[in-house]
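In the part that follows, the structures are each spelled out as structure tokens.
Two complexes come next, and they have one chain in common, subunit A, joined by subunit B in the first and subunit C in the second.
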Partner chain A sequence: MEKTKLSMYQLYKDMLDNYLQSKSEHALYAAQQFSKEMMEKDMSPEEMVSLHMSVFQEMVPDLPEEVVDSFDLLLEVMIGYGLAYREHQSLRDRQQQLESELNVAAEMQQTLLPDEHIDAKGIDFGVISVPAGKMSGDYYHYIQDEHGCIGVAVADVIGKGVPAAMCMSMIKYAMESIPEQRLQPAALLESLNRVVERNIDSNMFITMVYGSYDPRDHRFYYAGAGHEPGFYYSASKDTFEELTTKGLVLGLSQKVTYEEYVKDVQPGDFFVLLSDGVTECRTEEDFIEREQITEMIRKYQHLPAQDIVNRVYRELEKMQDFQLRDDFTLLILKRDV
Partner chain B sequence: MNLQIDIKENTNENLVSLSGEIDVYTVPKLKEELLPLTEEQNKNIIVDLSGVHYIDSTGLGVFIGALKSADQSGSHLKITGVNSRVRRLFTITGLDEVIDIEVNEREEA
Partner chain C sequence: MQVQTHVDIHSEWGIVAARQAGRKLAREIGFGSVDQARVTTAISELARNIYLYANKGQIHIEEATSSGKRGIKIIATDEGPGIKDVRRVMEDGYTTSGGLGAGLPGVKRLMDEFKIDSEPDEGTTITTVKWLR
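This part shows the complex of A and B:
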């Protein structure tokens, strides 16, 4: 440390000397470099002032007393800055630590989502889910059983960030504990509701839509718990229809029943499930209307399902200046033509 | 965007008028002001949302918390002055079936 101080002393002296003689930009630039080095070596502002004073006194031995004394005052003032600087450094360290913890948690969260692909004959499937921050309060799920039946779900935990993400994992494990209801959307929501109600804080809730598709008779059964309605596209009519469901959000009261709906799915028909991060997109001035979403989907509907969701996401992201305000999940399940 | 909270306390009734946006940023303040009112015994709490044009899901959570707390203390929570956008949110989530909501007549007309 003493050695560093000594070399710093010499370095600063040369620099000051150089500047006083040349008054050049170049010398000032050297000072900028010097300050970076100081910070790396954890030198405080008051140490810097005191260094300046000793160097200067050596260079100009007969300084007026007032000048020398005035530096004591400056030194005192700089001590305050020094404390703030050290505090800032320790906050920065802590922030880095939190950030890396959060990164680990975010990676863990990713592993909760299904990663195998749906590879079913006659079905085209695509999903995209992007958190507003590091962690997501959205959850999506898809699964295929031995008969080729497909279960799909999108859930949205109130709020976002870490608390929402922690709830999301509860949904995942609760769903796994009731595999026999995978193909009964209403019964599944009723079971889930009971689990969520017991385990959730009084001003939290979860919304969810669950659908199951049976490729043998081409029927899509679905039920919703207070979730943002998705869409059903009918190829023969070439229209989008709201996939409205009636049912209370999960976690509010023990005894809730959900209604189950069914649609006959024709070739080319598809279902769009989404979270409110899609429909609640906001531009500078206004909200995005639901019709704008269906128009976007229509524009890309000739593409594979995964490309449709990717493109719609990219377009909406751009409309919001690449700043998502809420977690975003969009899922499409299509019967091939 | 901010949220203005105006509270008028009467003997049997607390009137809470809100204006602005109820979202993740303004929710802590609203919770702090609204929840104590719902803990009082046997009162009517009327929340007027005429000045509110946007509520997100965290905002809905506050009303759920308020509803539960009002039920426990034998009080009654009523929401008035919802515009069509806010009303849609209450309808989708099914909360219009459990919370007493008075529709803004002018908006409906």
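This part shows the complex of A and C:
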């Protein structure tokens, strides 16, 4: 420390000397570089003022008393700036710590999502889920049972950030606690609603859509709990249809019944489930219309399901200048031709 | 012989007197001008808190010695309302001044040792030391 102080002293003295003689931009540039080095060495503003004063006094020994004394005042003022500077450093450290904790939490959250692939003959599946921040309040789920039946779900916690993310983690365990109803959407939502109502804070709400596809009779059953409607694409008609569902959001009241709907699925038909982060994407001017989303899907329809969701995401991301306002989840389940 | 000074704080004048006494002793002990200003700022913050939140109290300033080290010790005491949540108060950014480094966390940074004893409705004692390097 003493040694660096000494060399700082010498360095600053040379610099000041140089500047006073040359008045050159070059010397000022050196000072700018010097200040970075000082900050790296944790030199505070008040120490800097004091360094300047002692160097200056050595170079110009018979300074007027007023000049010397005036530095007392400057020094006193600089103490406050020094404190603010120190506080900034410690807050920055804390922010880094929080950030890395959040990163770990986000990674843990990722492990809650299913990661095995669905490879059922005649089924094409794709999903993308991107949090607006580090952690997501969206949840998706898919599962394949021993008969080849496939269950898919998208859930959205009202709210964002860490609280929503913590709530979202609970859904996974709630779902696991009621596995036998996996492929009966309405019954599943009813059980889930009871779990959520009992265990999750009363001002947290979760919306969810659950669908299950039975490849033996090519039927898709679905039910929703206040969730953003998805789409059903009919290949024979070449149209998109809204997958409207009736049903209260999860956790609002103890006894809720959900209506179950069914669709016969023809080759080439597919289902789109999404979170409101998709439909609430907005550009500079306004919200994106639901038709715009179906248009985009149509554009990439010839691609595998995973590519469709990826491309739609990319396009929407670009449309809003790469700033997601809400967690984004888009899932497609398709019966192959 | 150890030097000791007590300053009663019940007005802004007291704050200035405490600063003055602190600066004087810091200089005598051999602190440089930067550290003198730091010690003075710490005293100032402690005295101002007494004045603002407890109305009255004292600042004791004395020379400190410990295993060959010399330094300055400041004890701020009052019998005011006390600090309810000391941990909160010691967090950066909590001060009413909007967290620009001042306040008690600032005092802690300016000094080398910092101890706070506070009981609600009984009062507050803050002891802090800066060692000569």
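Quick note on the criterion: the second predicted complex is superposed on the first by the 337 of 337 C-alpha atoms of A that agree within 3 Å, B and C clash if a C-alpha of one lies under 4 Å from a C-alpha of the other, contacts with A are read in each partner's own complex, and residues count from 1 in each chain.
The criterion applied here is as follows: a residue touches a chain if its C-beta (ideal position, glycine included) is under 8 Å from a C-beta of that chain, and two chains touch if they have at least 3 such contacts.
Note that this is a predicted model, so its numbers are computed, not measured.
If you put the two complexes together on subunit A, you find that subunit B and subunit C both fit without a clash. Legend: residue contacts after superposition of the two complexes on their common chain; A:Glu46 is shown touching subunit C, with no touch to subunit B.
Once chain A of one complex is fitted onto chain A of the other, the partner contacts of A:Lys246 are limited to subunit B, with no touch recorded for subunit C. Of the two partner chains placed around the shared chain by superposition, neither subunit B nor subunit C is touched by A:Asp269. Shared-chain residue A:Pro229: touches subunit B; no touch with subunit C. Of the two partner chains, neither subunit B nor subunit C is touched by A:Asp124. More residues of subunit A lie in contact with B than with the other chain of the pair subunit B and subunit C.
Minimum C-alpha separation, subunit B to subunit C, in the superposed model: 20 Å.
When both complexes are aligned on chain A by C-alpha atoms, no subunit A residue touches subunit B in the first and subunit C in the second. On the subunit B side of its complex with subunit A, the touching residues are 24, 31, 56-58, 60-62, 64-65, 68-69, 85, 92-95, 97-98.
Subunit A contributes residues 156, 158-160, 202-205, 207, 225-229, 246-249, 252-253, 276, 280, 287, 326 to its touches with subunit B in the complex. The residues of subunit A lying in touch with subunit C in their complex are 46-47, 50, 72, 75-76, 79-80, 82-88, 90-91, 94. Every residue of subunit C that touches subunit A in the complex is listed here, in rising order: 32-34, 37-38, 40-41, 92-93, 99-102, 105-106, 109-110.
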